[in-house]
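Both of the next two complexes hold subunit A, though its partner changes from subunit B to subunit C.
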Partner chain A sequence: MITLSIDGRELKAEKGQTILQVASENGIDIPTLCYHEALEPYGACRLCVVEIFKGGRSRVVASCLYPVEEGLEVKTSSPRVLDNRKMILELLLARCCKNKVIQELAAQMGIEQPSFKPEYLEDNDCILCGLCVRACEQVVGVSAISLVNRGITKEVAPPFFEAATACIGCGSCYYVCPTGAIKMEDKGDTRIIHNWKVEFKLKKCKVCGNYWAPEKQLDYIRDKLHLPEEFFDVCPDCK
Partner chain B sequence: MMDEKVIAVINKYNGDKGQLISILQDIQAEYYYLPKEALVQASEAMDIPLSHVYSLVTFFKAFSLEPRGKHLVSVCLGTACHVRGVARVLDKIERSLDIGRGETTKDHKFTLETVNCMGCCAVGPAVKIDGEYFGQMSTDKVDPLLAKFE
Partner chain C sequence: MESLAIYAPRLVTTKEYLASGHRACSGCGEVLAVRLTCKALGRNVIIVNATGCMEIVSSQLPYTSWEVPWIHTLFENTAAVASGIEAGIKVLSRKGGYSQKTKVVAMAGDGGTMDIGLQALSGALERGHNFIYICYDNEAYMNTGIQRSSATPFGASTTTSPAGKISIGQTSWKKNMPAIAAAHDIPYVATACTSYPFDLMNKVKKAMKVEGPAYIHVLSVCPTGWRLPSDLTIKAGRLAVETGVFPLYEIEAGKYTLNFDFPQLRPVEDYLKLQGRFRHLSKEVVAQIQERVKAEYAKLKRKVIQGS
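Moving on to the complex of A and B:
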């Protein structure tokens, strides 16, 4: 057991936990966009920065990646943290000036208008947090998409910017995306994920007749778990 | 289509996933660039998702997805080479090969690229061809030098 303090509260934590995990377990709110409990922390969005004090010095670190230490003193909203977080949001807002999620987060930090000149603003929805890429790799296990190029040209894309052949249409990327950058729709018997240029036929439930999941996804799960052929003939609601 | 060159390179490294960069470098040495088919094949043979391979080759500038010439000409635009007049040398190379920076000659013999410093400032203006360094370059040395790499 490790004892540390967050915002003046004495807390107990397991070795190996991160500051963010301990904070959220104890109801201390730290904003973040790129963290998901089902995935390895990645430290991409930097919104979860906190100030840590040890040995008479203080540092600003990403709480989603920083493992707790004995006697560590953490402040989640010191002036230095708020300054940093505000700047990060200014930059995110400059990249995604029309994105509702980013606009709302910025407004919470008191940023009503982007501080950058209009010519520097971009109308992007993706913040390159890599949640979709990581979910596809770590949870789904197909790695249909990845981060491509680097620097200012970096983006999430399928290989060669062509249709993502490995994609099974599960939509995990769509559900996990914090900013709604991935466009997916189910139209009749077809699911379309526009970003990866893919279309999937949906399976019809034998009982209710609803189209409920992509056939390719169900085949993938059936293969993986060695389920019988007719296992997915009926949707979960009718089972 | 199974390409034996690609298979040979992978076998050389016993298909070790950790050696992916070395394998891609060797494949690039064969073709002077990374053809899409070779990447697909390497990904399948080594059981590495194609998206990982693609992510990696687009990250490193040393990898090219566009066909390149047999010889890679790198012209140093670092500060030392710059003040010693590398701009004129680059200009002359561009005219001699009839291509711009980042381009490849029609006969696929030369690809011209510029770099920011090669760490041999003392001999600037410096030009590197296929890993070999040529210092104290001047415009009249360009054509004889290129002729050596026909």
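Moving on to the complex of A and C:
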């Protein structure tokens, strides 16, 4: 057990936990966009910055990556943290000037208008948090998409910017995306994920006739678990 | 949203705010609904819980299942207590003693919402408090022994509307509570069901973002009261939606959206024949229910197409 203080509260934590985990367990709100408990922390969005005090000095660190230490003193909303967070949001807002989620977060911090010149504003939805890439790799295990290029040309894309051949259409990327940048829709018997330029035929249930999952995903699961050929012919409701 | 099978569920939080070891019946759909709701709500909430199954099973002295701030209220004043807490938070944050954005969530059963707590709820909705009201509808007073409520569907046999030689059980139709809530012109009203967990959590998250009152009506299958084998809870909920008995829709600022629209509705018989509370129904009564369900569904679809 480790004892640390967050915002003046004495808290107990397990060794190896991060500041963000301990804070959220104790009801202390730290905003974040790129953290997800099922995935390895990545520290991309930097919104979760906090100020730590140790040995007479203070530093600003990303709380999703910083492991707790004995006697650590953390402040989640000191003026220095708020200044940092505000700047990060200004930059995110400049990149995604029309995204609802970012606009709301910015409004909470008191930013109504981006302070950059209009010609520098971009209308992008993706904040490059890498959640979709990590989910595809760590949860689904197919790595159909990845982060390509560096610096200002960095983006999430399938290999060679062509249709994602490894994608199984499970929709995890769409589910996990914090800003709604991934566009997926089910139209009749097809599922389209626009970002990865892929289309999937949906499986029709033999009993009720409803479409319930992409055929490619079911094939993938069947091969992985060595299930019989007709295992997915009937949807879970009719089984 | 709902066809995100297998992989997306692994991304749902593993943190539980309603601890196991509570005294709910096996196969309880309501406790599952509360568990999923709590997962979607997160840690920063205050839950106001009316008397009812969920209060009984989760808080037997000296134990509690709740890992979030929780207060037990009477049947009739859940919404009133919730609005009081919300007002208290408002005052505290104005005076500078409290800086967190804590959401107040009221939870009650169908009796606590549609019968006994209706006037407090109506008042709170009308005053526009910033809170979420969730009704877990298991279609009767289950914890006291299956007495009928105004949520009990037509033809259901309960201990106070027993079926027999001269009665078919409940002789009135189920009260349309979401419509009553929507009539208050509140920003968000939705219906949900535990058999569609993603949809349920999504709606709770949406309600969290709303400034002002939000009302969610959750159909919670009750194997004990519905005379249903406890392994069929999820199936019964799915059938309720697929037959059109309990369509899943949301009303955002007056605009209707149907979340699940099937190419063809199943016959209501599929849903009724699962449950012992409907087993006495004759073909004519089933046809009557089918007609009513069809008419109600068509009415809802018209609203969806018109947009309001």
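Of note:
Definition applied: the second predicted complex is superposed on the first by the 238 of 239 C-alpha atoms of A that agree within 3 Å, B and C clash if a C-alpha of one lies under 4 Å from a C-alpha of the other, contacts with A are read in each partner's own complex, and residues count from 1 in each chain.
Quick note on the criterion: a residue touches a chain if its C-beta (ideal position, glycine included) is under 8 Å from a C-beta of that chain, and two chains touch if they have at least 3 such contacts.
Small disclaimer: the values here were computed from a predicted structure and weren't measured.
When the two complexes are superposed, the chain touching more residues of subunit A, out of subunit B and subunit C, is C. In the superposition on chain A, no contact is made by A:E10 with either subunit B or subunit C. In the superposed model, A:G171 lies in contact with subunit C only, and not with subunit B. In the superposed model, A:E119 makes contact with neither subunit B nor subunit C. Legend: residue contacts after superposition of the two complexes on their common chain; A:G27 is shown touching subunit C, with no touch to subunit B.
In the superposed pair of complexes, A:D223 makes contact with neither subunit B nor subunit C. No residue of subunit A touches both subunit B in one complex and subunit C in the other. Note for the complex: subunit B touches subunit A at residues 36, 39, 49-55, 58-59. If you check the complex, the residues on subunit A that touch subunit C are 24-27, 29, 36-39, 77, 104, 135, 139-140, 170-172, 174-176, 186, 191, 202, 208-213, 217, 221, 236-237.
Those residues of subunit A that touch subunit B in the complex are listed here as 137, 142-150, 158-160, 164-166.
Looking at the complex, you find that subunit C touches subunit A at residues 3-8, 10-15, 42-44, 99-101, 198, 209, 235, 238-239, 242, 262-264, 266.
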